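Reviewing the structure listed below.
For reference, chains read A, B, C, D, E and F in written order, and residue numbers begin at 1 within each chain.
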Amino acid sequence: MSAALTHLGAKGEANMVDVGDKAETTRTAIAEGLVSMRPETLKMILDGDAKKGDVLGTARIAGIMAAKRTHELIPLCHPLLLTKISLDIEPDATLPGLKVTALARVTGKTGVEMEALTAVSVACLTIYDMAKAVDRAMAISGIRLVEKTGGKSGDYKADAQGAGQ
Amino acid sequence: MSAALTHLGAKGEANMVDVGDKAETTRTAIAEGLVSMRPETLKMILDGDAKKGDVLGTARIAGIMAAKRTHELIPLCHPLLLTKISLDIEPDATLPGLKVTALARVTGKTGVEMEALTAVSVACLTIYDMAKAVDRAMAISGIRLVEKTGGKSGDYKADAQGAGQ
Amino acid sequence: MSAALTHLGAKGEANMVDVGDKAETTRTAIAEGLVSMRPETLKMILDGDAKKGDVLGTARIAGIMAAKRTHELIPLCHPLLLTKISLDIEPDATLPGLKVTALARVTGKTGVEMEALTAVSVACLTIYDMAKAVDRAMAISGIRLVEKTGGKSGDYKADAQGAGQ
Amino acid sequence: MSAALTHLGAKGEANMVDVGDKAETTRTAIAEGLVSMRPETLKMILDGDAKKGDVLGTARIAGIMAAKRTHELIPLCHPLLLTKISLDIEPDATLPGLKVTALARVTGKTGVEMEALTAVSVACLTIYDMAKAVDRAMAISGIRLVEKTGGKSGDYKADAQGAGQ
Amino acid sequence: MSAALTHLGAKGEANMVDVGDKAETTRTAIAEGLVSMRPETLKMILDGDAKKGDVLGTARIAGIMAAKRTHELIPLCHPLLLTKISLDIEPDATLPGLKVTALARVTGKTGVEMEALTAVSVACLTIYDMAKAVDRAMAISGIRLVEKTGGKSGDYKADAQGAGQ
Amino acid sequence: MSAALTHLGAKGEANMVDVGDKAETTRTAIAEGLVSMRPETLKMILDGDAKKGDVLGTARIAGIMAAKRTHELIPLCHPLLLTKISLDIEPDATLPGLKVTALARVTGKTGVEMEALTAVSVACLTIYDMAKAVDRAMAISGIRLVEKTGGKSGDYKADAQGAGQ
């Protein structure tokens, strides 16, 4: 792993890293995040889902669409041609709340960690938006990279309990 | 506080709430979030900042720009004319890591909670992006609404330790 | 004011109409469109909808999000602050296919016909996209303004059978 | 042709199809659409065109620019690197109205049907926008895929009179 | 005129200025810019224009569309509801080249200088793009604010020969 | 060098050039531009920079982000996967003012001149925006292509003093 912040130039200024000489390989990243809420908020979302799935379905679409715009949002991210992005949102009764997991894949010169993390973040924000009228105290936490494969820097797998939580 | 998910229609489908009859008032929202990391990662970012401020400066700009695009990212958010958005990023040695705080303000018919939360989220993602080469195990947590004033639903102030964490 | 600029349009070139002196009123527009398909394609979409609602739910979200970006897509449309946008998608066995209806509303200086029409168009395109693997011969037709209220040019209501079909 | 809706997962949820293993080939799609209007509206547009071409020229540019943003509008479309997009707009006295044809091409892993259809749709909407002050009853119809070459699913050519009309 | 850089906070960090307390007034800005080129390049563009107007027409549309996205491009610009944006492109035989003039207008809390300047810049870039195959040595110069009315900071009118050239 | 405007079709209409048959090679472009201002404005920006670097840092980020959106702004530009974009902003006491230089690189089928020129233009506009409260008479000039390598049309190097100034 590099010992320096790769986005800073010799004079410390921010710049996009040159990836022109990197190999085109298949790269996958999985990220996750949590939205914690009151039990009755979770019930209300899941009851809605039993009928029409709209909170979870809308959050999933928002995450997918945000992943495609990662390079517009994160200043030094390279544009890339995502070949796959999928989101999974599952209830977690012990939080209580929802767990969002995103998988991003590309055949390209750069990794897709930021795409997976952006998908998770925007899906969590969308859940917050749709339920905030009943629960303003929801919180988003545990956004982290779970797994990464492909690319020169090697594979990565997070600890089970999650770093930084 | 409303007892129903306001974004769901009579048949449970997702829709933008009609805000046409709401009053134009000044509305402010403050949100925060945390990026936890290894102590040496924090030191590297702050040392860079002592010289040029680029990780923190870039994250601040990314958050401001993302706030303006909230309605493009969150499907059921209304477009609005932000009159102010500011971000503050402070080191927190006990995490260790960085704490991002955003304030959004509008004179309009809808609140700006999502704008403040989106600014915080994208600033946190930008910090992750710029430091991920040295620390893939960073995590983003504690994204929540701290305070909200203006609008019909009344003011809101989160507990000191943060709900949902 | 420049004496040349005031003559723009006199030579026939495209320009945004000046709406600065128009009154701020509540304006509503309803538009509709049809996606015709083979009966088994419609059945497949509706069966999926019975379980998870994803084709229709995804198309509805896509239409809502596109409405907010109308001024980015249609060169001479003014930006505006939509207060409401809703979409309704109903099966029509006689087509056979789906009928998309969108309602857009604003309190502003310009009408929202284009927002309603753009929502309908993108929702229809999304339906096409999600079902094209089973039916490439689907067609989108009957995109038209159904009704319009508010604004100086007066109200408008289309004929029952639709002009131009 | 596939017998299932490829964008729905095992549980019926919407997702981007994984195209990572598809071959990079040259793929072309041609789509068309019609804007029907009153004869005097058509005459007004064509007379303007004889002088400056602005309605048709503006619609053509709008369609080209929209094609490049297809993946931002259609939730489950993959981003891709269009190598060509061209639009042709011809008067059709029998409608009366205008016929828009778009050709999109890519060397990539996914087809460009949606890009061609999006270009046609936005060009038609732009024509509507620029002429709506004189004719609110215009309608957009006949948006369909005319032809498609390249890719694993094989070539496709629509019937002469158009399916689904 | 303010004696400090208004976008920098107390600690020197970049932030959007709070315009919430500013009055809503009609504000207009006119900006201009020049594209200088070889005489034969100018002739080629104008000859094309005599027939179809495409270089100038395309540049005009690009400028209008860019003006609407100014707040997405310039980090600390406020979003606003442009009521008018128009562009004028005239040949200047003495350059030789083209002179682009843009007028932007809003009823709002902030000025529209950046919208007019962004429209001019993108129109000039579009001219460069469309003619670069025959003349890579074109240059864009003289981009400046010509005139500004409305708002608390008072009216402004540039010197005839242009400051800073 | 081509003897015709490549973006115009047989009938003179604007279209994207087909680059499908071009080879994928490494292409680099360097562009530059100048912002001239009063000496005290330059001093104020540089003094700010000595503390926090925010005007220059913000302009650099704005230029990088704009480069990634070039194909959204310039109607006939192809989307491409930038592998590198970097900006350098240096004071020039003789102007007095600031000189912006941008380098763009891609491995692809089209050149990156427009990406480098767009980065320069938006960085210059951002400098103007952040300093306009103290100096409305700033001007942007000398935007031009400095150097270009790779691609079929061959390398290009501008004269030292710059063409078209």
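The rule is simple: a residue touches a chain if its C-beta (ideal position, glycine included) is under 8 Å from a C-beta of that chain, and two chains touch if they have at least 3 such contacts.
Remember, it's a predicted structure, so these values are computed and weren't measured experimentally.
**Q** If you apply the touch rule, which chains end up adjacent to both chain C and chain F?
**A** A, B, D, E
**Q** Could you tell me which chains make contact with chain B and chain E both?
**A** For chain B paired with chain E, the chains in contact with each are C, F, in label order.
**Q** On C-alpha atoms only, rotate chain A onto chain F and read off the angle in steps of 5 degrees.
**A** Chain A sits rotated relative to chain F by 120 degrees.
**Q** Counting C-beta pairs in contact, which comes out ahead: A-B or B-C?
**A** A-B
**Q** Between chain A and chain E, what is the gap in Å from one C-alpha centre to the other?
**A** Comparing mean C-alpha positions, chain E is 38 Å from chain A.
**Q** Quick one: chain A and chain C, Cα centre-to-centre, how many Å?
**A** Between these chains, centre-to-centre, one finds 31 Å.
**Q** Centroid from C-alpha atoms only, then distance chain E to chain F, rounded to Å. What do you get?
**A** Comparing mean C-alpha positions, chain F is 16 Å from chain E.
**Q** Can you list every residue of chain A that touches 2 or more other chains, as numbers and ranges?
**A** Chain A, residues with two or more chain partners: 13-14, 52-54, 57-58, 61-62, 65, 69, 75-76, 79-81.
**Q** Give the pairs of chains that touch; include all such pairs.
**A** The set of touching chain pairs is A-B, A-C, A-D, A-F, B-C, B-E, B-F, C-D, C-E, D-E, D-F, E-F.
**Q** In the complex of these two chains, what residues of chain A are touching chain C?
**A** Residues 52-54, 57-58, 61-62, 65.
**Q** Note which residues of chain E are touching chain B in the complex, please.
**A** For chain E paired with chain B, touching residues are 9, 13-20, 71-72, 75-76, 78-81, 108-109.
**Q** Along chain B, where are the residues that touch chain A in the complex?
**A** Result: residues 1-8, 11-14, 33, 35-37, 44-45, 48, 51-52, 54-55, 57-58, 61-62, 65-66, 69, 73-77, 95, 97, 113-114, 117-118, 121-122, 124-126, 128-134, 136-145, 148, 153, 156, 158-159, 162-165 of chain B touch chain A.
**Q** Flag every residue of chain C that touches chain B in the complex, lowest number first.
**A** 26, 53, 57, 60-61, 64-65, 68-69, 79-87, 105-107
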